[in-house]
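After this come two complexes, each holding chain A, first together with chain B and then together with chain C.
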Partner chain A sequence: MKLVFKILFTVFIALSVASCIDELGVDTQEGRRILVVEGAITTLPGPHRILLSKSDKYGDVFDGFIRKETKATVWIRNDEGDQVFLTEGEQGTYYTPASFSAAAGKKYTLHIILANGERYISLPEEVVPSPAIDSLSFLFKELPTLDQFNPNTGIEVYVRWNDPKDTDNFYLWEAEGVYVVNTKPHLFEGRDANYVPVPMPKDCCDRCYVYDFSLNTVLRVFKDNLTDGNNNAQLAAFIPDDGKRFMEKYLVVVRQYSLNKTAYQFYDLLKNQLSIQGNIFDPPPATIRGNMINLDNPDAEVIGYFRASDVQIDTLYITRAEVEAPKPILQINDDCRVLENSTTTKPPFWK
Partner chain B sequence: MKILNSVFCIALTVAMSFLSCGKEEIVTDVAVFTEEVVYASGESVIMTGRMLAAGQIAVEDHGFQIDTDENFSAPLVVSLGEKEIPGRFVGETNMLDIRVRYFCRSYIVIDGEPRYGNVLEFFTLSPKAVGFTPKEGNPGIRLTAEGRNLTNDTHIIWNGKVVTPDKISAETFVEFTVPPIENLAAVYFKLVSQGDTLTFDKPFEYIIGTWNLEGPLNDPDKNTRHIHFEDGDEFVYGLGLSRGIMTSLVQVLNKNTLQRTTIVFPGTPTEGAFFNKTYFGGGSANKVLSPVAQLTLSKEFWKYENQGFVQLADMPVGLYNAVCLAAGNEVFVYGGELANRNRNPFIYVYNISTDSWSVHSATSQTFSNLYPAFNSGNFNYFVTPDRKTHRHDFVNDVWQTVADFPVIPKEDGISIELDGKIYVGMQATDRSLYVYLPDSETWRTKRTQPGGLVSYNTIGAWTNNGLLYVVRTESSNFINRFYWSFDPDGI
Partner chain C sequence: MGNNFLKLTLLPFFLLAASLVFGQRTIGNDDGSKGPHTVTVVVEDAQDRSPLIGANVLLKNNAGGTVTNESGEAKLSLASGVYTLEVSYLGYETILEEIRVQGKGLMRVRLSANAQTMNEVVINASAGQNVKSTDLGKQVMSIETIESLPPFVGEADILKSITLLPGVSTVGEASAGFNVRGSSSDQNLILLGGAPLYNPSHLFGFFSAFNTELIQDVSIYKGGIPANYGGRAASIIDLRYKRGNREKWEGNAQLGLVSAKMSAGGPVLTDKLTVMVAGRASYSNWILKQIKDANIRKSRASFYDMNAIVDYDITEDFNVRYTFYRSSDEFRLASDTSFSWSNQNHTLSFNKSFKGKFLVDLRAVHATYSSAIVDRSPFASFTLDSRIVDQGLNLGLKYFVTPEQDISFGAQTKLVEIQPGELVGTNPRFPVNPFIVASEKASESGIYFQHNFELGRYLGVSYGLRYNQFRFLGPNDVPVYDPLLPRNEENITEFNNFEDGEVIQQYDGWEPRASLRVSFDENTSLKIGYNRMFQYIHLISNTSAIAPTDVWKLSDPYVRPQEVVQYSGGIFRNFNDNMIEASVEVFYKDIKNILDYKDGATLLLNNNLESDLLNGKGRAYGLELFLEKKKGILTGWISYTYSRSERRVIGSFPEETINKGEWYAANFDKPHNLSFVGNYDLGKRTKVSAIFTYSTGRPVSYPLAKFNYFNSLNVAYYDKRNGFRAPDYHRLDISLTWGWDHPKKWLAGDFVLSVYNLYGRRNAFSVFFDDIPGAPPQAFRLSVLGIPFPSLSYKFDF
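Our next item is the complex of A and B:
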């Protein structure tokens, strides 16, 4: 009898433990299709661009496609009720009229009605005035590398400005550049039928201007809580020396965007998440909430941020002679126009 | 006793095991905040609120209260119902009055007790009118008026009568059907939004003008590539090709009696000559059969006068299909082709007083008398196949592109001035007519010439007693010539 009780007791304990296991409902087969909003308006003349797409499951390209949201009704409205409707250019890309620019001090909301009727609205984004850029300067920088024969060098571009006193100011910097490349098309070698190099000199072209859009690999944001009202200097861009960029002269264009507090928090969080490298010091993964709301389902997730910024622009020429230890010039035996974003037409602003 | 103890133990174990499997349903306390007024227009507002809690909640109702009174004595309630999970919520309403200060706060109801969030203040905006499109049209077309902060009760006052919108969208666009035309050709309509009357600075213009088929015109010629102009009471046309053959005949039609007189041109008969206001010249001395073959061009320049012709100073060069525009004491000749078929880059000007030619200036534009051209004051205008209207200030030699021509222009047709407005159209077999208003530098559409299956080509046009007369001939073999009158203001 005692044995029977013991057996029954053990069975009940086992059943009770088993009954407490909840199934973890992780279903990775279906990807959620979340609206992704990318875009900003600035105080510069338009057209300004808003990109709309729906996310899909991460994985093989055949698992799902990131679909552009076409035929949406998109408009931007300020706090006085003036609004501008955007027109769709490429699929899922919506443009303001060229005449449209944001005004500092005003608040703007982005309104979206998707083709399926879903309605979205952004939280009001205030355009905070940005102080002017005082000056740009640069420093030669050598980064640590394991390759002692190929140093990792470049130019750090610093922006200096007078931060307005007694106001919380937030900044974002972006940069792009133009540089001259000299190549040797007359030394071009092709391949014969046996894939043996044979001289095939080209008549054109040995001098090009290359537009460099690859500088914004890092989000450069800043808040003035510790330097309020000071004359500040911050790193605005890093231009890697790849043997081409500083052949002769490099023009860097720095854009200083004002951010409001929520925009700064978004970009700062995004910057943190982008810095995850897979080590123990990484910040924990997090969902970053933007400023878009699904009006019909406020709990629905929307990815992205609609930003409205004031902009200040400055430019700086950096010659090869000014680079402390420039890399050897890369010899390119080809038409310079084969380089990405290159043109033989001298930019109208080039000095 | 032992058995009882054992039974008790088993019962207790079973009870505990069932309890341990139950889901933990801890209802936590909830805080509610009014986050932001995301959108405020004339009558609409969108607000966001947030409920903060450590876990699941049991809210019987949540939403927003809106009132003009800060104490919310008689609030408008935007109820969003029950909610079991905390987070953001959005409330909308479009029942507000324009230009009013409101207060809003979020609320939740738990166990029958309401709790309120912080109070936010906002102002509703004034409706306003921005514009409308199209600017002209026929009764029955869909017209879209654009405004801002338009309310749901927006309606249209059209010529004193109320028109109900077909659709109001985004508080911005009011679509409605243009009512039948009554006594006014141009209507300054208004929008009325919550009692605010909103006006536009320009009227909607009905497409008007009345056509009347006056009758046939007996004429044996079948002109193409010809010249035509009016001179006082006479409409003069001729030269060019008749039945495909070069002709030296010129017809003079009395505008009042429609009596036609045929006169013979004493100079070199040409086709593709330039002509305007009794002046004509240039052109090819032979029928042009190829668009590339070398031309034999005439440099002769003539003036029609009293059913005769006066030969004036020859042009410096021969030109084919050039544009001629007479203004004041000068006759300008633009564009056209040289004998080698290259474009003529120069503007030649003939001085009537001195009977002499000179080069006025050069232009990069290519002009041909196949397309509309006309003069108004110190400006010469040219419509090019890309729909552009180019304006040449010939006094200061300044070029400017003004309004786009409403359609892609076809060849030939009329360009004729009546009461300071320029009527252009009836090109090729087209029956449409447009008017250029130099004061506003705009094009407007006039009522299309009625027609059936028969297509007509234009011979020319004249004006008389405020009416426009157009002579057209059946396209098929250029037979059966008729003339129509057109009253530009006819409703």
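Our next item is the complex of A and C:
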């Protein structure tokens, strides 16, 4: 009898894994090259960044290579007629002067003349004031995973704020972090000529501050239609525990951007598009446009949104002791400076 | 041994049959008139007294005869005299009876199921009925047929079986919807014992929500829809309940891989009051809990359904029936969200027959569909409840003027209330403002008239007219949009307030229906038909399965009723004494006011849903071929359909136009559909069955380009809907049924071993484009059940 049940289980387990995702290997149609504009100006000091590129065929880089739009003339103008020109840094990346910042309540337009002479303009973007962040808090979170031996855990950072009553408010959150890593450079092993590991202790350095720019993997946008005027809480960031981040202390910086309605709609559509996984509840794909217009041909397609936001910032320290079930500390036998975005210099704001 | 046992039990029936042959019945009172007199012959199943539809009633030595109608009645027009009547029905013993006709009258003939063929012959709609009747686009499937098909996880499935018929398609696994002749799935009216079902599926469409044990048969009307049906624009799926056995209690039980079911029925007061009850429940929750993987262990998936049918015969001609049905589903993802839905129906009907000449049917229906989403996320957690209440009263009258002519008429009215959603926060520390999408209320009434008659043997005419009145009722605040601007929230200029019960908008509709049959001989006929139907309730969904996130919406000042005009025709021919039935049918549909969605539409919790909806036109056309072998060791059918379903949406503004105003394929448009169904009888209660289906892949949108955005992710850019297709769908299922001859009843059951998707085809449930790390951005396919899936079930009688 026991065997019968075992068989039944096996069969039902088959059902749970019977749904699978595989590559389809279809060739999409020849891609169209459409101008893509991504960028924002905020009430923070500059430089602010605008990225220009062209879309290409859907597929890998050999199939369709995303080309940056270089040598374009880019400027921003406000509703009082003041304008500021942007200068190109890396290819296709244009920066405002460091002194430039947007002002709440003002309207801005982005102007672009491409190297080939095509002219583009954004619809006027108004900077809606953002309410201040009340506080940040965090929760330990275990995410489902198929790997039993390596739980998928991390810290959810929630933002609380008082939503202004009787107005439609739209928000976007981004987060960055800084954390301390302790490594063991004296245990470093190099390789000899025959690729045999040999101890090659390093003198420096065993303590670094690592800047974490990889938290914004999901577009976190929100509208207040269901919680208008409340003291709201929303998930602003998820910090995965990789055995490095919570060795000692983690500082998370949350930026709360105000959006206007059209910006929210654009980001929400983009978020939906990025979340499609073929599931039952998936929304159908939709055409993503934005607020840019081709001046010479208003019917021509342009992708992207030029955003102008007010910003509120708050920070929070999370110590290892506060993490409910921290992962074992990853032992790194090397100079901590080899880690990406790491420095031995203590950040001026670090407490 | 077993055979002898069966023969012994059937001996009384043989004796009864023999006695009937030698006896003579007298019909009518001798008033001296020579006639002709109308003799009504009611043919019933001897065991449960259910009417046998399409039984042959023949006069010996006269070559005359007819078949019984849906009440199991056949009308004969006979001069006074003595006749020998031969009554036969496929799978039943034939009865010969001598009658003396003196005047008009009624006689009942009870046929017993034929012991020799009980487990061998697939009992289907009566022989030759497809050619002889004026019905067009109608198909009847018996439960025996449905149960003979390879089951999925041991469950015979009515809706999945229907999709094997010509003109009916489905978008794939895990989708409750099916599409009839190029129409959307909400255009099917599913009636269970006369009450509408809003969600006919369990577990997102893996199973139908009906227990087959209580269902007598299923009628599918794809075209030529009689005027007594209304409210949905494409098809009627009418599931008729069985009646409890009048003579003794009996029942059966089935154990399957994920669920078990049981049914029992019998007399409470002999010959007067019978009941039948059935229940089905899944034990999938228990199975899920045994699995180590937390992702699965913390998930829940369960369902149950139950039915009760109570029949009381006040007199032999006056029946009262109460039915109850409830289905329930709960589905919880390991994360934080759970979904649940349930149907609950009550019906009460009075059925009186006046000498078999005049039938009155009065039916009260109360149907509820509710669904809920519960979010358990740590902060702003909520529950979202929605509900539909549908209450109706139907009166139907049917008058058999002559054996060749009948007239039906009646009136129907119902009140439908939809509460699309009420959101309630469940965490007091982080309040979610209660949000209620305004309820909708409407009355929908119809009166109809239907006349069927035959002119000689070669011409049949069936026509009808239905008049609908739909009233969208208050209380409601109806927004007024600036007519010069796109219809969206910003452009609302004011709200018109309506009091409770006030008529906000009224739509009237005339629905003519007609079909004509021309028979060339006994075995061949040509039929043409015309149909017009309105629909006042719409399923607003942009997901592929009927899910709790879907919204039902009534027609209002902005959402006009859908209107479908269908022209159809067909040639029907039978061969080899009705052993093989063949048909070719064509149809064309003109659809007005179909609904589609703006890009990025918000369907849930939207108080101004009309601002996210677009009105368009549709057209569908197709060709259906059907060939069925009904008798013999090998039975089954081949069905092939070529059909297209297209839409066009042109609004006043670019955002209200889809695909630049060009025609595009509907989400469920699948041009080629082919099904093979075969049952091979190996004798001794052993049988092999197989299904093969093939269809064109469903339409998908392919990106025109990719662009870099949001941390240099590759994002797909779409500009047209449904321009491409998912890979073709095909699948083979087989099953082996084996009955054990054992003297103990509970051991003498049937084992069914089946394998779903025998060769493990990975059919695409969906095709999507994604930029997953480690691979170039590309198209992916999600397949559900992409491996051969075996299952075993055991069913026995008690």
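What we mean here is this: the second predicted complex is superposed on the first by the 313 of 351 C-alpha atoms of A that agree within 3 Å, B and C clash if a C-alpha of one lies under 4 Å from a C-alpha of the other, contacts with A are read in each partner's own complex, and residues count from 1 in each chain.
Rule of thumb we're sticking to: a contact is a pair of C-beta atoms (placed from the backbone, for glycine too) under 8 Å apart; a residue touches a chain by one contact, two chains touch by 3 or more.
Keep in mind that what you see is a predicted model, and the values were worked out from it rather than measured.
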Which superposed partner A:83 touches (first chain B, second chain C, both, neither): first
Per-residue touch tally on chain A - higher for chain B or for chain C: C
Which superposed partner A:278 touches (first chain B, second chain C, both, neither): second
Which of chain B and chain C A:196 touches, first, second, both or neither: neither
Chain B versus chain C as contact partner of A:325, first or second or both or neither: neither
First, second, both or neither for A:124, with chain B first and chain C second: first
Shared chain A contacts, counted only where both chain B and chain C touch the same residue: 8-9, 12-13, 15-16, 19-20
Partner chain A, residues of chain B touching it in the complex: 6, 9-10, 13-14, 16-18, 20-21, 36, 38-39, 41-42, 46, 48, 85, 87-90, 92, 125-126, 128, 148-149, 170, 172
Contacting residues of chain C [partner chain A, same complex]: 174, 204, 257-258, 284, 287, 290-296, 298, 334-335, 378-380, 382, 423, 430-433, 435, 490, 542-545, 547, 549, 597, 599-600, 605, 667, 701-711, 713-719, 721, 724, 727, 762, 764-770, 775-787, 789-791
Residue numbers on chain A that touch chain B, as the complex places them: 5, 8-9, 12-13, 15-16, 19-20, 73, 75, 77, 80-83, 109, 111, 121-124, 293, 295, 298-299
Interfacial residue positions of chain A with respect to chain C in the complex: 8-9, 11-16, 18-26, 28-29, 31-34, 36, 38, 51, 53, 55-61, 63-64, 66, 139, 144-146, 148, 156, 158, 216-217, 219, 225-235, 261, 265, 268-270, 272-274, 276-288, 301, 303-304
